[in-house]
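The next part holds the structures, each set out as structure tokens.
One chain, chain A, appears in both complexes that follow, with chain B as partner in the first and chain C in the second.
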Partner chain A sequence: METNQKLKYERPVIKQLNTGVTNKFGPQMGFMPHTHIDGIAVKDLINTYGSPLFVLSERTIRQTYQEAFSAFANRYPNVQFAWSYKTNYMNAVCNIFHQEGAWAEVVSRFEYEKALKNGVPGDKIIFNGPDKTTDDHMVAVQNNSPIHIDHLDELYSLMAVSQKLGKRPKVAIRVNMDTGVQPIWDRFGFNYESGQAWDAILKIIQTDRMDLVGLHCHIGTFMLSTNAYAVATAKMADLALNIKRQFGIDIQYLDLGGGFASRNTLKGTYLNGADVAPSFHEYAEQICSTLIRAGFRSEELPLLILETGRALIDDAGFMLGTVLANKRLSDGRRATIMDFGVNLLFTAFWYEHTISPAQECSQYTEDTVLYGPLCMNIDVVRESIRLPLLNKGDQVVVHRVGAYNMTQWMQFISLRPNIVLIDTDGQPHLIRKAETVEYLTQLESTPAHLSAFDL
Partner chain B sequence: MKLRKSVAVSENGFVFNASRGDSFSANPTGARILDWLRDGKSEEEMKTLLLDLYDIDETTCEKDLYDFLKVLKQHNLLDV
Partner chain C sequence: MKESLKTIGSGVLNSYAQLFFTQNNVTGGLLLLASMTAPGIGIWGLAGALLCQGIAALLRINPVLRQQGMVSYNGMLVSLGLAASLQVNGAFLALFGIACLLSVLLSAALVHGFGQAKLPSLSLAFVLTYWVILLCIGSFTGIQPLVFAPEDAQVWYYAAESWPLPGWFQDYLRSLGSILFEGNLVTGLLVAAGILWASRISFTLSILGFGVGYACFTALGGNPIHIGSHYIGFNFILTALAVGGFFFVANWRTYGLVVLLMPLVVLFSVAGMNLSEKAGLPVLSLPFVLTVPMVIYVLRMSNRMPGIVEVVYQQHSPEKNLYSYQNYQQRFGKSTYVQIGLPFFGEWSVYQGYNGKYTHKDNYRFAWDFVIRDASDKTFRSTGQSPDDYYGYNMPVVAPAAGYVVAVIDGVDDNAIGNINIKENWGNAVIIKHADYLYSKIAHLKKDSFTVKVGDYVRKGDVLAALGNSGRSPEPHIHFQLQATPELTAPTLQYPLAYYLLKGPQSLDLRSYDVPQETETIANIKTTPLLRDAFTFTPGQTLRFETEDGQLREEWLAGTTSQNEAYLHCVATGATAYFVNDGTMFYFSAYTGPRYTLLHYFYLAAHKVMLGYYRNTAICDAVPLHQLDRGPGRFVQDFMAPFTIYRHYLYRLTYPYTDNTIRPTRMKLQSSVSREVLGRQRDFFDFELLLEKNALSAFSIRHNNRTLTARQVMPQPETADEVPVTASID
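After this line comes the complex of A and B, so read on.
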């Protein structure tokens, strides 16, 4: 019998106490182990699907969508969401939003084709963005998709397309404006204050080759000011009411774009994102009450379209990863190297992601630099994060990574990993397979004279 | 390698270096090693002690001890 019971080991640590310097405020997140996602153990997910791994919760996506939709639908009679494909265009994700009733919002032919293949009817695919070729226009016009015109050159080329096809495109113009928030996103669309937007509207109406069905704006992203939306809504409503007054044309929809903040913490702010991000209700209140008071007759209230991206999906995405090594930097700081970096977690450039250990952890914590595995200096996941003592092989969960990572990830140095969706019954589904060397090299071809060498 | 005379370690892991006015907090493993350092134990001796006391493998023990001693030096807690 073993009599010599050994003590449970914990790595020795010592931490300087800074008297006189108050701690950053906000809750100390990330020390509670996060062992399960929607009932499935992180350990099992990694065992089955490997590490690193993206995990999405269908339940959270649906709940978040329903919360956002009802925040608007309870305040305004006529609301339509359009899923912003670039935020996360995994087909499984798009189809959850489409099942919930969202249209598609795309900014490239690639995304447009994806939406069509997913089965979205052409007239429910909103085609945004500055990059549309003549062929893109042709296809969108044939499919009766609303085309949001970004600049005068697009307006003219679309006019030519409409002449060629003998068909009237359904269009909106993208409007940019001063909403009191800097920076003004004036690089997209036509400016409101300078009269460019009105000039574009006149041009469309007077040339009479297209149907001006809507007005669009997207005033920025991660907008913490809800008031900016009241300003934007008022300016959009003003344009629509002027069009009605001068030409008798009813603008069918106002598309307020995206931009609601998710509950992530922005870099360089001491405020915890979950505490400062306005709720859907606060955004909805500003937009809907402005629209209702703007002066439309109640039977003429336009359809309100929203292209909310990150706020609908960030919470539903997790990145699971594993500690590769610990190091001590020359200045004494501790560094931990993870098996995921900015190649997969593009949003690490903007956010201080919350990271939790995935197993029982020590109560002692250490300030650590969190590096990714790339041989590149830029590969920093967190510049400084207080974490329980982590050892090689320990697993972590990165929270709120659903938006922009599974689309902006880079195939750089390593291959992209599996993506798993956990359905509402708690069953995991592989929705995108990890890339392989064969998959990546199939598009390459090596000229004959470079096919062999002798070393 | 020895703990500086000016360094006091309390039972609950509170560490105070009187010569500089710095204070620290160590976890129980850390505090134990500080005690051994005060007694003048060598790195090799401390490793043996850790392996006897705790449920760990030799590599982890060696890596962690090495790292911990580096941090103590960085914080000016050791006479070298």
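After this line comes the complex of A and C, so read on.
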């Protein structure tokens, strides 16, 4: 211990004393600094790769996947996961999931091509979403990919494609339904209760140009109620059994989609996300036991496909950042400006992200507004967060940022930073380089008359 | 008519071959030739065999017995004996006919009579018939005994007597010849060649048996001359053949048994020899006829002799009996009548196995405890402080096989982690009856989680309850055991699991009739409808296969025998391949008929097929040696076979292609048979099986760089789907 080290400066803080629940000294936030990720010091990561920085933990990804898979595969004999590309389509991330056995689930031609380039066989890429052109359909049909039909116009377009190619597409329809959770997600797919879904099924079977191989639903996002999945599973199984009964067609798979909540805290919820988010086992219990009881013969149980993204990757992602400045607002609140904002941390719009200091910190905390670096009023990372006293240059770790950030981020005002993956041996790998001005401008072209100016 | 002529033809040849426990036509021919060294005798042997076949056909005796020569070889021997000792005249002809009739009746009666006790009657009918005739001829003046003329010594084959052969070997050959009543060296040499051609093991045994018998006889002070002159030497040989490799599976123990028995045969022979001088009846093969059934009967009844195994399915060749027994032991030695699977979904790890270090002891030693482990070998998610933190907790447990629920024990609360409930040791449990004296028990389940009740019939894989932490369970785990009685406290039964997949570093390996060991991670096999359908052959179904060049065309009929063995039979080639489809596995158990027919290829190509599609799993098995091996290597191996088998035909099957992993409609299977000799492996056959339209549509055979493809001719012609091609995106 160096005794001659200058004590760290702590700014004075005036704070209302809260009595708390049981503690006579008031509530203790008990802030634990988060100094290492998978054994590597945050400080070293920032020194090497700069700040801000996204860090992904391969170990956490694999552990989470294995737990999720086992939760289903130990409850149901026929389970397949498909990695939702839109959640995080870094090739390194996708390939971890593919190595673990997951297929690909894509919602655009861009993601489709990414999956193909990653080496996923065509018949293991599930093509979802409302946005598919005729050309997309042609390619997907040629590759024997299951196509999940979202609306009747897509159905008609696919019929034309199948006629043109002389090949029967493998299709599923997306079904939406009332699972007792509001709002009902009815913008995607065909409604179950109104009979739209059955109509679409009839159209597919009676025109006899495609093979109806599956049924797909995706009842919502960040579903905190597991019972909704039991309702959805029962309705899907009912459709599948009716198809078997009326047409003798075996539905090969039921895709229950995703929507499992991660342990982030949604804005506006009272309780901490980590405490209320159901575990994979709770979702699996509802889905699998409903499916097993649904009435399929045990050797004809359909394949259960799950496309959950968020719950598989959120915990594995960290955002490392640095304090740019502190200031006090006119109403007296403390504000801290970070070097990352909503341009990188898109999920800050939905979540109250957990943020920990990355170095030793004071036990005293202060209500702070956490701003991003953008010169734009919306750039608020946390409207109110209780943080220990941070100084300029201090580093922080934002937790559970693995889902949607690395796909929804943007180059608004500033460029996107490095992404580092820490492998299972604790070695860091740069999986996406920080962008440069050249990179960003390479696609631009300036008309000749605009190429020069004189100021 | 043609059929019955064929039966008579092979029946006559087999009358000769049968003497040395074979049905080899070449051996039959050689023995026929050997009997013709003295044509005057031999021709009557042939006539006797033909007459017996004719009589047996008239009596409508079972064609199989006739075709195997079982009812005619005794008559053939009697005829040879009569011709060797009596003058041929009218009375002889009458006597010959009566003798043949008597021998056929006695043969058939004794075969069936002894057959009741599953014992062979051997040449007892010959001995009896011959004695009856000998006892009669004294009263018939028309019958004249043959008088040895001095010029007989000038017969051509006597030249062989001057060959420089050791004395014992000369006696060996004479003994062989004397089976045909022609105790000369040329006959003996031809007989020895016939034995060697049919079976190396029999040949070795004939030398061994004779050698030991001869040594024993001379050591006791017997005169070796008597061995040849009194026709007793062949008893040594025949006993050795019967005991050493024909009725028992040949190995060093049966060879030892031969050595042990030979003094007995010597004693019988000498006793018989001396009796015959008093009674005037030659001892013939009586010592052999007495010894062999006695030994078989005694060993069967004691049933405690390790390593001495009776041949159950007689293939009339010591080599075939040995190779198929050895192959059967290797493939199905541990197979069970009821196939028991694992009582869970997904992959679980064995926490405690047979003779475990915690509680699987004494009466409860044949049981398994299963838990779920994560990548870091933990059984719980976070701290493991409460049961629901454990991966296994609340997971469904399923029926390991079909059966009736006979007991459900419910109402026991879960323990806190680390605590055990010894009062209600098994906690909540379910017991299922799968068959008489076969029950399974699954214990430590969760209270109120049962989805079955007593009396329910459950199918394999049906959910029974959820796992809890009740009873003697410090942490949630499935206790699984098999037992012979339905009580909760019944002791465990040692009973292997039929099939399961063992998780290896790269792949899942198939285990058949095995016992999961501690720390292994295992899973049930998921079957694939296409594989199930393609390898289901319903009795009465006909499969037609045709090669692409149209050269080979076969029609196979599926059926079942009275023993309920399923088979595919090709009428044109006479080939039969026996198979088993137990819902998880399809495999061939035996093949009879000519080699290199399409059915023979299919027998090899689909020797063992797991009916579930697993891309990285290879199915390994072994093909019986005698189905493929031939040539000088095999000849040498046959000599060594009772002691060591060093040539192996290894089978391997993989699933390289499917069009759709969820519900395949088209699949390719690749299999190969390779020969392994002393560690060196050589590819022998490569096969490819193509499944589509829920059936086996084609299979191809590659051998020595030649490829043959056979397609199934479907009842209604349908066009095949095109193979999906992965399109590239630019």
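Everything below uses one rule, namely that the second predicted complex is superposed on the first by the 433 of 455 C-alpha atoms of A that agree within 3 Å, B and C clash if a C-alpha of one lies under 4 Å from a C-alpha of the other, contacts with A are read in each partner's own complex, and residues count from 1 in each chain.
Please note the rule applied: a residue touches a chain if its C-beta (ideal position, glycine included) is under 8 Å from a C-beta of that chain, and two chains touch if they have at least 3 such contacts.
Computed from a predicted model, the values in this text were never measured in an experiment.
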In the superposed arrangement, which partner chain does A:Y270 touch: chain B (first), chain C (second), both, or neither? neither
Looking only at contacts as defined up top, I'd like to know whether chain B or chain C touches more of chain A. C
For A:G332, select first, second, both or neither according to whether it touches chain B, chain C, the two together, or no partner. first
So, A:N74: does it touch chain B (first), chain C (second), both, or neither? second
First, second, both or neither for A:F453, with chain B first and chain C second: neither
Would you mind listing the overlap between the chain B footprint and the chain C footprint on chain A? none
List the residues on chain C that touch chain A in their complex, please. 344-348, 372, 374-376, 381, 391-392, 394-396, 451, 459-463, 524, 526-527, 529, 532, 659-663, 724-727, 729
Over in the complex, which chain A residues touch chain B? Could you list them? 6-17, 19, 326, 328, 332, 362, 364, 391
Note: in the complex, chain A contacts chain C through residues 62-63, 66-67, 70, 73-80, 112-113, 116, 121-124, 139, 142-144, 170, 213, 250, 252-253, 281, 285, 288-289, 292-293, 298-300, 303
Write out the stretch or stretches of chain B touching chain A in their complex. 15, 22-30, 32-34, 53-56, 60, 63-65, 67-68, 70-72, 74-75, 77
